[in-house]
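Pasting the structures in now, so scroll down.
Next come two complexes, and both contain chain A; in the first it sits with chain B, in the second with chain C.
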Partner chain A sequence: MRLAFEEKGADYLLATRDEHGNVAPVLLKKGDEPGTLRVDVPYQMAMILTKVNKFVKEGKIAVVARRCDERAIAELVKRDLLDQSRLNLIGLACSAEQVKECRCTDPCPSVVDFGECAEPSGDDASVARLLDMSLSDRLGFWIAQFRKCNKCFGCTLNCPVCFCDECLLEDKTFTPEKGIPPGLAFHLIRAIHLADKCVECGECERSCPVDIPLLSLRKMVSQDMKELFDYVSGDSERRSPLLTTLEGDPMEDDANVC
Partner chain B sequence: MNEFNPNILAFCCNWCSYAGADLAGVNRLQMPPNVNVVRVMCSASVKPEYIFKAVSQGIDGVLVLGCHIGDCHYLTGNHRTAKRIPLAARLLGKVGIDPRRVRLDWVSAAEGEKFQQVVTEFVEDVKKLGPNPMKEVRF
Partner chain C sequence: MSVDHILTTCPYCGTGCNFFLQVANRRVVGVVPCKTDETSKGSLCIKGYNAHAFVNHPDRLTHPMVKKGGQLTETTWDEAIGKIVSELKRVASAYGTDSIMVLASAKCTNEENYLFQKLARMAIGTNNVDHCARLCHASTVAGLLQSFGSGAMTNTIPEFENADCVLVTGSNTLEAHPLIGARVLKAKEKGAKVVVVDPRDTPLSRVATMSLRQQSGTDVAWINGMINVIISEGLHDKEFVDSRTSGFDELREVVRGYPPEKVEEIAGIPKDDLVKAARIYASAEKAMIAYAMGITQHSNGTNLVRALANLAMITGNVGRESTGVNPLRGQCNVQGACDAGALPNLYPGYQSVEDDETHAKFEKAWGGKLPGKKGMTLTCAFNQALTGDVKAMLIFGENPMMSDPDTGHVEAAISKLEFLAVVDIFPTETAKLADVVLPAACYAEKDGTFTATDRAIRAVRKAADPPGDARPDWKIACDLGKKLGSEGFEFESPEQIMVEMAAVAPIYGGVDYARIEREMVRWPCPTKDHPGTKVLHTESFKIGKGVFAPVEHTPPAEETSEDFPFILTTGRNLFHFHTGTMTRRSVKLQREAPNPYVEVNPVDARALGISDDASVRVSSRRGSITLSARVTPWIRPGTIFIPFHYVEAAANRLTNNALDPIAQIPEFKVCAASVEKA
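After this line comes the complex of A and B, so read on.
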């Protein structure tokens, strides 16, 4: 860990380490005592990075990033929320079990510093099962799932690509102020907002206390994005098709809205 | 007597479709009375959120009408609509609400007849689909 830190010539290191028996993110300065650094537990570094970026104004930050972090960072850089020149990515390859758990199709980071690239997982069985259902069965399934929601906003808070300062979902127009569950619209609004930037890291599903299969919903939406616009989010070059005209030129108003 | 009468929400853009609807009215064109027209400044201001809210509260069909591509008062507003609305409709399909309940069409200010035709067709389609299943669901 130290080695990558010295080699990459960064001023800060963002990684996870053991804290009181748990794994927590930590921002280390050059010369700090590293403690026991851990790389075995998935943690959304892109989300931590946007928070860190607000108070670390100078110096390079080295980040331990998995492939999904890398893609999330690419999305944030495209929207001018992060400065690519100030970032140094330390590639971390997910283990085979982690890839299986996320049903990940793109597990290998561009530079691998830790671990070995596992085989990408094939087609998602749970998504295929859902798409085989009839419309009314599927509606029944999702209503049963969304009824469990207790509006904890865990999926929003832990999402690496949720960056709005004012969340639309806290608006009482779309989410009832009182009472749970918040209804069908809540989850659909989140799904459509993330349509062009979700990197399928699975953090929403992991952080959900009632186990709503949110990752399956995200995967279905990104399938749509692929079919409609041939776009895969996490692309560092191409602008999101939802922010361009039909010919692919940028819109008049250069909005970074979600 | 118990014939199903769908409740339909139509978002019409101020510059084209609303004027088109006006023209249809002035010309006394006959069309089903199930449509509630909401005037918006541009079809791009119809956020998918509005559609989801309407559908989850039991509206049977949502019609989004805007200017033809290239005629938008705000130049590229309807390009945004053209990309957003199909995605929103597909997402509804993924959670089990028929995507045909959402329809996007272009109606210009001179196309009163097209407005009539679109509304008549859409009401027929939604009648075939039956009532919105979300009407029965209480969260």
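After this line comes the complex of A and C, so read on.
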């Protein structure tokens, strides 16, 4: 509270706190009763910030952000979807347990205000297991997983870098509307579309009611991005290497919106 | 500028997921899942994610209206309420109070349903109060009350995850109760066997361990068949049967008549599959049964529920964690509406209106005379309106013109009423026929509680103001009660109503708002220091011993004929909810399933010369509708399926009003129909 409003000079604080026996996202104004703030339940704050930002058009917002939130915010700022000068990040280091759950390789925010940075996770057993499979086994694995999908759109709605107003996946050309499951294209289009944005926050996997290992899929795509283009999304300096003209020259700034 | 996150309960299915409504400048703008909610654990289904979408829809009713010169015309609350009061009084004095029917609502809160039934019983003076549970789980309430002594889900939603076997029948769980379906899948991932018995291939059956497809309307046969296999192979739990149940010998006698060969003949389930499924279920350490409308909506629905109870008891799968008989209730508060006494034969907390002691207790608690005779069911009320015995109806948040069987019959019944008042959030098909229409607040605009299918009492919190002059139903009910001259409607808040309900309904005895703020309480919760109950019937059944019911297979009320060769079955799809009033006004949900359709097997389609998306006419003995064909192997040959959400091709124009003799639930799941090119 004090940190946000006095030291960081913000007008709002986006955090989480105890409410009704649960942990809830909350947008506090200067002078509001803070209640019991909590930092142990990982809400995807970058996603909530984007939503809040649509309505809070003035003033500075301080956000309690983990490393993945920070990286997601960087992706959004690059695309002019958030205004860096109106943001103040309050760095929150994830617990060792959370790092393990996300198989996270980059858990430490640039400034740590809460918590202690845990060791990054080394290898990802789930990805390694998948890479060990033959291509046809791997396809079989994913088909079996995607058959469970009941098209809640949770993986897109809760993703901090899924920001299109009209989602391609809601277009029946790609995902026929006749019931569920929505088919492979749904998941694969999403994986590819997010290749240069996904910050591996794991929110899609956590939101998935049927436990499809979506984060493993993302990690495999990210690994390719790194190997092919030496690019890691969430980089606040570099633009996506996928944003090129057909001739192969980098696009000009104004074309860099999405 | 403010953006708030208000924790509340989903207004759709009975799973009871909690989520945050995102409110910007007092307007509901979005939904954020709640990570710490025990039921949803930070996930939702597509309906939940879109639960904000209809709230600000321009079609919302905003002003009271009364019919003047055949037209519904905007008016003041005083005039509209005055009109209802004077008409109800007139009808009561001319024809008696039992000529008035009150329909409560499974979409309203516990507190509101408590008031609706009190309004009928105290202020109007009739036990004629019912709601759409009559159309979904009336047979569950009746059947499980007889078998176990309590008509609700025996176990809880989180327990699905730890079962060793889940037998799902008559429930398209992944579409109708998506987050319960998800739990079943989690169990499967952990090694549980999932057996689905359904005439349709459902998203769940496609990933199940075993999927059996029975002919619609033959469920007693396959259930008895399974029990037969279990007993003859000695797989039953003899100790449980001896110590906890009665009536085993009679049951054994009856199921002898259902050897696998005969079941194959009746139900079309290959005999080896039946034996295998029976073995899977019986040999699991913890086996759960989940079922929904596919079991209850039959003219022998009560017997079917009892047959499932037999199956669970014979294997000792009752009274322990991750076992039991689990009816999945379809609406956000259909469980609560039953609990609150919106039933013609039961006071709040399932206490019989015909029991002298209970009757006296309620007269004392409410301070007035109460009618002694049990009231009329919803299905019966429409029949009686047609014969002129019911003259007036007061309907809160229900849409019988879409939800009840045989729409033509409902329409005729309503047109014979002398007076109809409807309280709703949208101009429904029923509201359009009313003499007075009152605009209500929706779930996002009021406080209260819903009771989920697993008896968890969940808070509904006000996130925004109702549009225009609309008011919450509890205020409307209080107003009506007072103006009808009755005492006991002076409530200032839903919280006060819960205090009274807890005082008269022992299963809610320990429930209060302070507790619900802190914890998840499941009834029965008789006292403030009682933790609530997860698993029912652990030590003994509410009625002492569990009662086996020797039930026989009876064919459905309507059989196919040359003119109507198909069996029509109806139900929901993932994207819409019931009569579509809310979901069809939600852009993303409507986009997913915009038009009415009928599922036809490719074999039948070929014989009829129908291609996918072709326009077809489906008829039954009661009416016909035109819609497009969806040719799919997911439905068995000879059977067709129509979701009932679409007013432009309302499935209930076709369905049969044949009733279960005990629960008076209509047979939505079987009627004879024909299909032809349109």
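Worth pointing out:
Rule of thumb we're sticking to: the second predicted complex is superposed on the first by the 240 of 258 C-alpha atoms of A that agree within 3 Å, B and C clash if a C-alpha of one lies under 4 Å from a C-alpha of the other, contacts with A are read in each partner's own complex, and residues count from 1 in each chain.
Following the convention adopted for this analysis, contacts are C-beta pairs under 8 Å (C-beta built on N, C-alpha and C of every residue); 3 or more make two chains touch, one makes a residue touch a chain.
It should be emphasised that the depicted structure is a prediction, and the values quoted were computed from it without experimental measurement.
In the superposition on chain A, A:Val23 contacts chain C only, with no contact to chain B.
In the superposition on chain A, A:Met220 makes contact with chain B only, not with chain C. Once chain A of one complex is fitted onto chain A of the other, the partner contacts of A:Leu37 are absent, as it touches neither chain B nor chain C. Of the two partner chains, neither chain B nor chain C is touched by A:Val77. In the superposition on chain A, A:Asn150 contacts chain C only, with no contact to chain B.
Legend: residue contacts after superposition of the two complexes on their common chain; A:Ile192 is shown touching chain B, with no touch to chain C. Contacts of A:Trp142 after superposition: chain B is touched, whereas chain C is not reached.
When the two complexes are overlaid on their common chain A, residue A:Val56 makes contact with chain C while staying clear of chain B.
When the two structures are aligned on the shared chain, A:Pro181 is found in touch with chain B and with chain C.
In the superposition on chain A, the residues of chain A contacted by chain B and by chain C overlap at 147, 181. The touching residues of chain A, when paired with chain B in their complex, are 130-131, 133, 135-143, 146-147, 168, 173-174, 181-185, 187-189, 191-192, 195, 217, 220-221, 224-225, 228-229, 241-242, 244-246, 251-252. Every residue of chain A that touches chain C in the complex is listed here, in rising order: 19-27, 29, 41-43, 48, 51-52, 54-58, 144, 147-148, 150-154, 157-158, 170, 177-181, 206-211. By the touch criterion given at the top, residues 1-5, 7, 18, 20, 22, 24-25, 29-30, 32-37, 42-46, 48-49, 174-175, 178-179, 181-182, 185-186, 189, 203, 206-207, 459, 461, 517-519, 573-574, 588, 591-594, 630 of chain C touch chain A in their complex.
Chain B contributes residues 48-49, 52-53, 55-56, 69, 74-76, 79-80, 82-84, 86-88, 90-98, 133-134, 137, 139 to its touches with chain A in the complex.
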